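Heads up, the thing below is written out as structure tokens.
As written, the chains take the letters A, B, C, D and E, and residue 1 is the first residue of each chain.
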Amino acid sequence: MFFQQIVDGISSGAIYALLGLAIVMVHRGSGVANFAQGEMAMLAAYIAWQVNAWGAPWALAMLAAVGASFGIGMLVERLVARRAAQGSVLTVVIVTLGLFLVINQSAGYLWTFEIKDFRGIMPSGVWSVGGVAVSYDAMGVVGALVLCGVGLYLLLSRTRVGLAMRAATSNPESAALVGIRTSRVHMFSWGLAGSIGAVAGVMVAPRLFLEPSMMFGSLLFAFAAVTVGGLDSPLGAVIGGLLVGISENLAGTYVDFIGSDLKIAVPLLIIVLVLIVRPAGMFGNRSVTRA
Amino acid sequence: MSILSLRGVSAAYGPINVLHDVSLEVPARQAVVVLGANGAGKTTTLRSICGITNNRGSIVFDGAEISRMATADIVRRGVAHVPQGRGTFADLTVRENLDLGAYLRRDKAVRADIDRCFDLFPRLSERATQAAGSLSGGEQQMLAIARGLMLRPKLLVLDEPSLGLAPIIVRDLFDTLATLRSERELALLIVEQNADLALAMADHAYVLEAGSIVFGGPSEVVRQNDTLRRAYLGY
Amino acid sequence: MNMLSVEGVSLRFGGVLALDDVTFSVDDGSICGLIGPNGAGKTTLFNCITRLYDPDSGHIHFNGLDLLDRRAHEIPRHGVARTFQNLGFLPGETVLDNVLLGAHHRFRSRYLGALLRSVAHRREQRALTEDALTVLAGLNLLDLAYRPVGGLPYGTQKRVELARAVVGKPRLILLDEPANGLTHGEVDELGDVIRRFQAERDLTVVLVEHHMRLVMGVSDHIVALAMGRKIFDGTPAAAQSNAALSEAYFGTTA
Amino acid sequence: MTQTQAVPSSSLSSPLWITRARRLRWALAALLALIALLLPFGLQPYNVLRLTLVLIFGISIMGLNLLTGYAGQISLGHGAFFAVGAYVTAITCNEWSSPFAVALPASLVVTFVLGGLIGIPALRIRGVYLGVITLALAIIVPSLVKRFDSVTGGAQGLRVPQLQAPAWSGLGGDQWTYFVVLVVCVLVFLGARNLTHGHIGRAMVAVRENELAASANGVDVVQVKLVSFAVSAALAGLAGGLYAIVVGYVAPDSFTLLLSINLLAGMVVGGAGSIAGPLIGAVFIEYTPIVTSGFNQALGGMIYGLVIVVVMLLFPKGVVGLGELVAARLPWTRPDQGVRR
Amino acid sequence: GGRGSNDSSAIPGVTDSEIILGSSYPYSGPASAFGTIGKGIATYFDYLNAEKGGVKMGDGKTRKIKFISYDDSYAPEKQLANAQKLVEQDKVFATFAMFGTPTHLAAVDYLNAKKVPDVWVNSVSAQFSVESTKWPFTLAFPPTGQTEVDVLATYLGQTKPDAKIGLLFQNDDTGKGAVAQLEKNVAGTRMKLVAKESYEVTDPTVDSQVTNLVQSGADVIWMAVAPKQGAQAIKRSAELKFKGVRIISTTASSVAAVLTPAGLEASKGLISTAFTKDASDPKWASDPDVVEANRIIEKYGKGLKANDSLALTGINAAQIMERTLERMDEPTRDSLMKTVRTIDPPLQLPLVLPGVTVSTGPDKLLAVTILQVQQFDGAAWQSVGEPVSLDQ
């Protein structure tokens, strides 16, 4: 039971981490916390479903969704986020919450609120070892997480693009003054985040089941994860996600008072504790302020 | 031939006009200094050149009209701008700041240029891995200048480069600028309150007052002309 | 009498020893010029005095009061004000509001008084606003009182900083490069203003500046730091002829 | 700046455009007050109820505004304090059959203390990080309500006796309730205005803009943050208490995340860091969904989201920010252009 | 009666040619899925008005139905305001199928105080039916959660008297109601409730809870859940190779929207109760009533899709209202209340399973107390025995 809960925790945590990577991507590239990220992932899953329903094989449909999401992400930055950034941080927060509503409700209108049959590329079934069952779906999510995580890490730490992103967030005006086309950088980060979110969406749909509110709960946990890990750290998102997933499951199972109805409180406690010690998360960059 | 020329440039913040019909020229490989009391519009002039401030009029750099271009594209044509009051990337290290200065460059000389910056400002090499935001005011100013040099621009625009720098550093800086000008065929456009030093180094000078150019000519003229100095520069 | 005495103050940031056993004192009513190369620790010393930083060791006394016992927000109340090298403003607020912030500790009424707009609160609000406007007028800034401070020229902002510090009625004022962004003429005027404030408001001044004409012109006494250590303590005249200082700082090869 | 000038005292008074802008604001407020007094007599009870809810949301948005708009501490979960306030009133009214005059202050006090406690971690945690913590709070409160169902009635909720109009007033129950809430609301807004228009408000803004500068100027940052949290929570709690009385029923489903989000949206749309903003925001969150779903029921929620996005894109600083832009261009209230050095 | 026309003008919301009904649904917000039910209702009334000219009521007059429903985003205070608006401004004859337990609890006192009929409330909570003294004008339609639990527990007691039950439930009043009712049912039997796991609607998955139930030693997993969690629990319990009996609540028994996504193989053997015909079940796909309902949805349902079980729920609700109106002797509120309180003879609705009838009477406050137990065979639901009636 213990190991099963750990494994379950990892496979939930991988979902939060994957979505968390997308959140980190946007935050790092444009300094915005995108509360519509989960809905964009959900939309990607619907796109994949629709393309499949039109006759394309799943693999192609999912690729199409990931590609389309890159465009959607860029579009959202270009048309919405950029203008909102003229206000305060809160303006952007509200705008992404507005987008949340728009995407969520449109999906319900277009595809109804009923669950869609979403197969995806992973075979159905489980792999059991020593009494612990791991579904292929879950393995798919973990695999996608590893790929996206490593890719993102390399991109951010090993390439000029990564440096440009940090510069564009840290000081947009100076970034332009060293020749960085900040608006393209922002668009690229949103696009990339859209794609990572889309990977999350299409990989988790067989497990969470596709309906308009599919990603809502995961979004909350993903935010918990990136908060614990640090909003600008991909590694933080991964570790934070797994930590939240595992602790939530174990606490819900083993701590009597918590039980499953209060298990949502566990990530909160973790966040508060971690942040009190490290106010910018475990791996986050604490911005320097000196007099 | 001028590498930069402004013709009838005006600029405004909201409803308030702060530049009126400013025209000035920066000849190739020469140093031009812009002087004026505070609030005269010097910073605004420089920001207009780099497309940071909304402005009207014509700005031609290296044969191309740049007044409608985005900042990054102007920079890509070879203009480096060291803004007034820091403008460093506070969360990034000194080294990363310098790397970003060379963001547009692909050549092999980047390393050597970083070493050169460290020679000019030894302080920076001691602080290479420290976050720029934790530097002292003067150290940040050095970093901003060094970052501008890293671009290897055709035109280097400096907004009060001596701000917050120790006298010895200021002197070294101006020496280096003079060297670079001949060495790299660099043109310089400098706003500077330390008028003596700037005039000594510059070929041309402009004086701005309340958003208009009230004098333009060889810097020698300003140096020699006490009335002019007293009227506009207060000494 | 010593107004400010700094004894053996050290502070380290990771590998950087920003202050290394610094000791000096400032006489009541004098103007002390604090100079030194970039990164010498001048601002850091101000930060220790105003309790934004905690020194690792040492003592700082002001008028007999142990400042290290106090928290940052209590410092102005005890009579120490400062300006910031790179401006510490609320950029969206007006010049007047920013200056009034400097008088924050002079308000006697508290939350309840403000909530109910008590007579006492209104009276002091009026009085302090008048005070602030008077200080602004003295610095020729009255016209700008209702302009957001963010859009003002750099040199003007430095003067608003000065007004903000002065309106708190300090006994000791720490000025961090107040002449930045000023023209030659304005620098000279600033020297006069500093002296005038010092006399009229009975201030003690510590002035950090790289502008040598200003420092040497107004200071009664010079302290120089380099690499966190005190390297000179004496009169302006002695400073100008000090070889070590010349080499490390002025750059005039003797 | 050479000589000490004797300053003529006339030049120390505010410039004309400021005085005019101030008068304009008071005139608008007076007009609004007049309308607020007359409205319930011309409207049907359901509209009076909606207006009452607007006032209640206005109070809680004002609470959020003090904390987030003025002091800059992001709270994405103010619905939690609203819920606690509602339950405190509901429980005191039910269990101890205490009159509202006791129940409402109880809500105020409990949420004041709770807010202060929540403010403690906020001393270290900032920005979006703080936002996520408060968000989690808003998610947990309904779960806690369900968990402690012996006092809270669990998912079933609690009924609360509603206000009855005294006979002498000659008013309907809805009108009486409205006026009671109106009085509370006016007091809250006046208090908030007083608090924010003096040195306290300046201190809050200083904490928001630049903590270092704030404390160097004598602002006790810790105190300002804690007090802002406590007062802000207390106003949300007070609003929650009023809600319980007005609606006559509280349940965990009354206080979902949507409430917190609506409060925040109301604050930003109205204009963060302003006095009129919360009221405008309250009108927005109460009436926009009604209008949008009237427009097209199937897509009501979608249009509501779209309206939020569009409003924010058009006025990134909220409706009040737009008003200020307009005022800055009106000949009457335009700031003087001549700027001397 | 011949003079009805005069009288009726004094009664709000009804004329000789029109009757106004009002309702409140979450068209927006987190529960907006259920807005589809409201749209389904409106669709059916549109169809009636267009193709039948309205409803022919007991007084012989055919009246068009004007159905006004407002959005409450599942916020109690909004449903209260909507109820007031319907009564005061729209002057409805009655409210009908108001949605949700917590939301309607905010509105029910008001409607009863105003003596406005509040019929066929769309809530599975029994209180809206059984509290007839407190709320004489209120009555609910769908089978209550208790009824469903009673029927299934009775079935289980007969087929597996030693059942060790592990229960999964949503942490809301419906879920808590199911727990209480199940505890009542197992008391005094050999059945035991060995494990309880709850979830919040915001939980991304219920995997952890299902794991705990599977490993608790239970041989029956009872899933009192919503569709999404139903699909997750079915899939998860199959993955964990659970061998015992699995029971799933009616709301989560749609073949297309729950069992297919969860996997038909994985769903094999599920036990549930049924109330209405599942349009996505091959068994009912060509049922004329289902076909007709789908036709109506496609023709009149703006934006609705055929086979959407929530839309069909709306149609079904509208049909009970249609029958009710047909049975009213005169167009008065009293008559409406009398009619809904004495549905006798019982009604067989087109979309409700044969043998499952709606009836009320002085001693029968709950409208639906008959349900059909069914088992999923991997392709379709198969009835197990006759419909079970729990009539007191």
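In the analysis below, a residue touches a chain if its C-beta (ideal position, glycine included) is under 8 Å from a C-beta of that chain, and two chains touch if they have at least 3 such contacts.
As the structure is a prediction and not an experimental result, all values here were calculated from the model.
Fewest steps needed to get from chain D to chain E, stepping only to touching chains, is 1. The greater number of contacting C-beta pairs, out of the two interfaces A-C and A-E, is seen for A-E.
With centres taken as mean Cα positions, chain E sits 36 Å from chain A.
Rounded to whole angstrom units, the spacing between the C-alpha centres of chain A and chain D is 32. In terms of their C-alpha centroids, the spacing between chain A and chain B amounts to 43 Å. Centroid to centroid, with C-alpha atoms defining each point, chain C and chain E lie 74 Å apart.
Among all residues of chain E, those that touch two or more other chains are 28, 30, 32, 171, 200, 202, 303. Counting partner chains per residue, chain C shows two or more touched chains at residues 43, 50, 52, 84, 88, 153, 156.
The set of chain A residues touching two or more other chains comprises 101, 105, 109, 220, 261, 264, 289-291.
Within the complex, the chain A residues that touch chain B are 160, 163-164, 166-167, 170-171, 173-183, 285, 287-290.
Residue ranges of chain D in contact with chain C, taken from their complex: 1-2, 4-5, 7, 9, 11-12, 14-15, 18, 191, 194-195, 198-203, 205-206, 209-210, 212-221, 227, 335, 338-341.
Residues 1, 4-5, 8-9, 11-12, 15-16, 101, 105, 108-109, 112-118, 124-126, 133, 135, 207-214, 216-218, 220-221, 248-249, 252-253, 259-261, 263-264 of chain A are the ones touching chain E in the complex.
The touching residues of chain D, counted against chain E in their complex, run 44-47, 49-50, 53, 139, 143, 146, 149, 154-157, 159, 243, 246-254, 256-259, 289-290, 292-293, 297-298, 300-301, 304. Contacts from chain A toward chain D in the complex involve residues 27, 33, 80, 83-84, 86-91, 93-95, 97-106, 109, 220, 223-224, 227, 231, 261-262, 264-265, 267-268, 271-272, 275-276, 279-281, 289-291.
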